Amino acid sequence: MKIRWFLFVSILAVLLCGVVACTGQEAAQPTQAPAAETKTLIVGLMAPFTGPSARVGEEFKYSAMMAFDQINWTVGDTRIELVYIDGESDPEKATRAYEAAITRDKMDVGLLNWDASDVIPVMELSAKYKIPHFFAMGTSEDIDAMWLSDAKYSYWMGKGWPTPSKLTINYVNALEDALQRGLWSVPEKNVVLYGNDDEWSRGFSKAIGVQLQAAGWKIVGEEYVPVGETDFYPMLTKIKSLNAPLMAGTMDDAAGFPAMIKQAREVGVTSLIVADGLGWVGEWYDMAGAASDYVIDQIPGWATADAVAFKDAFEARWGIEPSPSSAGLAYDEVGFFIRVLQQTFEDHGALTSETIHETAMAKMFTGELTYTDGILMSEYAFSQESLPDMVVGKGYFVFPVIQYLEGAGITIWPDEIKEQDLQLPPG
Amino acid sequence: MESGLQHRPRTPPRRRSLLRAWLSAWGLSPVFVVGVALLALAPLWARDAYLQRLLVVSLYFGALAMTFDFTGGFINAVNFGFAGFVGLGAYVATLVVRNAELSAWVGLPAAALATGLVGFLTGLLTLPLRGIYVSLMSWFVGMTLMALAGALKDVTRGARGLVVPPMAEGITTLGYLYVLLVMAVALYLLLHRIIRSRAGLAFRAVGQNFDAACASGVDPTRYKLLNFTLSCACAGFLGGFYAHFVGIVTPAIMDTSYTMEVMTLSFIGGSGSLLGGVVASFLLIPIFDSLKYLMEYRLIIYGLMLILVMIFYPAGLYGLYQTAAQALRQRFQRR
Amino acid sequence: MDLLTLQGLLMTGLLRGGLYALMAVGLALVFGVMNICHFAHGEYYVLGAYAAFFAHVTWGLHPAIAILVAAVLSFLAGAVSEKLLFYPLRKLNQSGWVMNAFLLTAGLSVVLQSTYRLAFGTKYRGITQYWNASVTLFGMTVAADRLVAFGIALVTISGLWLFLQKTPTGRAIRAVSQDERGAMLMGIDLDRIQTLTFALGSMLAGIGGASLLSLSPAYPYAGSKPLISSWFVVTIAGLGNIYGAVVGGFIVGLFESVSYFALGQGWQEVASLLLLMLLLLFKPTGLFGTNIKTVWE
């Protein structure tokens, strides 16, 4: 009996301390900033902060904080306040959190997101409450179809990541180019597609599959593994036996992907490997090692001095290595968002959901207002044709095709910026 | 687990009025009536759209927990593939609406039918099994359903999921609340009616002591099948609602973590009580939603709470209610 | 299918099976002795992986020592969890033990995952390899890490076998798993045996996580896949059958590698599940399940 009470009381005490500590911490924040007379704009930053994709959420959050630090959290006479919307990679929970942010936290404008399946129901809410939402990264083509179907979705202020097919075409072009120039020769144009069994990988395979077929390739196999799998010997043994000169795919499982690449060489797969997004998580090379040599990816590098400075500052401040495609892209898109806010303030003198929506419609969607101070792309812009995606292509949103050598990505495509030609793995 | 049986003859029959006997036969306990009335009057006190959504979600999970308890709390077989059945219902409802272009009022019954059928087959599969193996078998069935939803990509579009149209043109959150309320009340009346009938006694007998039940002439096969089929059909019915409410179905909704969520509610609510899970759901979901800013701490609190309840109060909320009711009654009787 | 591919498949299946066996044996042990359906087993795997990472990378210890550190730590963590959670549960509620204990492990799994997330963040802590070497077998260049992990699995399992067969404590554990009441009457200290068993089970998971660090990095949510795989194995073998779990591990490993080859495209999952269901149907207690305790009631 004594043990029972002792345990119960002690655990309860610890629990209470925890709650008090956290609530105290949270409650302390608003008092720091006197909310007296200043106007505030409440920005809802949406991302998976808990659950398996929590890493992305963390990088988004830190990048956004760094971007808002740049402008001292103010635009004109308005102070920016962030509320965090945890999508938990679950459409139902995401919708609930989003509606809470609108009705409870009085959010004025939404920003970013990661999971495509969250976007569809959340888009409905943004239309219902007329809350503009900027640059959610869900890629699925369903989003495009829905966006185009009804003008009410114009509150969904553009996608932060283009539809896969607009990016996958670069691989096809790069490879076809290498074939034509005799840098690479294949006995038969056979390709194996691979990926995780989820929305992102399947969408990618579908997009690149169609494009490869159009370029005369034959899909001889398609292999999917569940998220969380780290032993790829069985899948790779099969891929090896198919004997295709090319394997292409992506995985959003940051633990499995490097393991897959490592094991591909162990099993003796000699194909050229397109591994889209292998470099998404900063620590990838620690896990993949030299086996990643000659693997092809499409990822913006920390190319400019500004980009490198951002990367170093990020790492120094938060202790994790940022990835260009989540932390870097989020940083740029928050920058673009700030630019829209500044323009809105100039035009209307006030920041509200309505004025922001108006300005973004009138200036951003028409291509008048673009963002050129990014660290990854030379220009972020929209055009009537590209909507809801950004303009993709040379000089705009473009991921260079790179080939890894000793952990560094060397640009091999497009021609204008390439550092060297496609290299083939020895043997 | 046996608590339900022990405490049944609560009030001496002679003091029971006819009305009360009738009410209790239909399961219309005061808690239930007040709860339904409160929900029905929701537009008066829950104007906030978020609050309304929270009510829908709490009711949805509560109804799932109730359905879950119908199997777990009575025939003592935990359907660990529960989320798979809910997801199957969601998919069937969606496909009926999308491909056959019928309305949701056809889709939901179709979902219930299809899930009930698969539930029946699962019941057949688990017949030779005992104890934990029943759970494992249903878990594998649930996971198979999830794997199929991913692999049959011509029908389900695989992991990319299906977009589901709203249940009716221009339906609001309140509209969904009323639809779900009607569904949940109907399910409750049905399940409660069955529990109170001979079948209910048989369920408990099968759940408590399989061999003794056989010996006393109860045909366990029939009752096990009946129970499984019904609870799966209910799960599918609710799943169909969910698909319309959320607007997208992906195989991810069949994940075991959802089974765990429902199971937790059902056990914290009190096994063998039907309504316990609903009460737990209305308590826990709003609480944890309001603790959202705690991020990971919230999950730690959740886990610790589950641990504490299991160690110190495994009878759950229903047990608490019974103890309190007992104490009150004794007080009154003494006076 | 040519001979080389067949050999490759066999290799693959064996290597995969070795890992499964290591994970599953711990699970089987915990179930067999304590009657706990352990759903936090994967979390001890992650603990082992973290421990090995910090020991090997941060402190620069030799891989073998790092794995040893991981084993010791997960052993201790297992012992502490048993004393703190399952011991009071056992003292307070005898009825409904299986269900309560199971839900308790579910809660424990959530708590541990979130704690890792809080303590270590979302960083992926992985290594390329412990040993920079490889062996060519049947046209496959198998990394030394995989072979060593396989070896560790075999050695650990044999060690456990010896312990259970030859030492008095081991025999006591087996006695408890066969007949708890009888064992108690024989004067076996049940509390000690239960703690020891849980600690051993956790240690096996921890060793698994540590020796596979190059395959799956340490991060908060890494435990779910190994957990599900080991449940597969344990079900095939028969719950609580420790030796069956070893054989079951290899069966599942081989079957999966063949079904990937023959089906693929996401259908391999369906195949494994169907196999399991068929097996349960015709052999409800698993392949080697004999006379286990009546669970559930």
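Going in written order, the chains are labelled A, B and C, and every chain counts its residues from 1.
Note that contacts are C-beta pairs under 8 Å (C-beta built on N, C-alpha and C of every residue); 3 or more make two chains touch, one makes a residue touch a chain.
Please read all numbers here as calculations on a predicted model, not as lab measurements.
Farthest from subunit B in terms of Cα centroid separation is A. Contact count check for A-C and A-B (C-beta pairs in contact): higher for A-C.
Subunit B and subunit C have centres, each the mean of its CA atoms, that are 32 Å apart. Rounded to a whole number, the gap between the C-alpha centres of subunit A and subunit B is 37 angstrom.
Annotation for subunit A: residues 4, 7, 50, 197, 224 touch two or more other chains.
Taken residue by residue, subunit C touches two or more other chains at 88, 92, 117, 265-266, 269, whereas all remaining positions touch fewer. Across the assembly, subunit B contributes 150, 158, 296-297, 299-300, 304, 311-312 as residues in contact with two or more other chains. The touching residues of subunit B, when paired with subunit C in their complex, are 1-2, 76, 78, 125, 128-133, 136-137, 140-141, 143-144, 147-148, 150-151, 158, 208-209, 260, 263-264, 267, 271, 296-297, 299-300, 302-307, 310-312, 314. Interface of subunit B with subunit A (complex): residues 48-51, 53-54, 57, 150, 153, 158-161, 163, 242, 245-248, 250, 252, 289, 292-297, 299-301, 304, 308, 311-312.
Only residues 37, 85, 88-89, 92-93, 95-96, 98-101, 103-104, 106-115, 117-118, 231, 235, 239, 265-267, 269-270, 273-274, 276-277, 280-281, 284-285, 294-297 of subunit C touch subunit B when the two sit together in their complex. Residue ranges on subunit A touching subunit B, taken from their complex, read 4, 7-8, 11-12, 15, 18-19, 22-23, 26, 49-50, 84, 86, 89-92, 95-97, 99-100, 102-104, 117, 120-121, 124, 140, 142, 146, 197-199, 201-203, 224. Partner subunit A is touched in their complex by these residues of subunit C: 1, 5, 8-9, 11-13, 15-16, 19, 84, 88, 91-92, 117, 121-129, 134, 139-143, 146, 212, 214-217, 219-222, 224-225, 256-257, 260-261, 264-266, 268-269.
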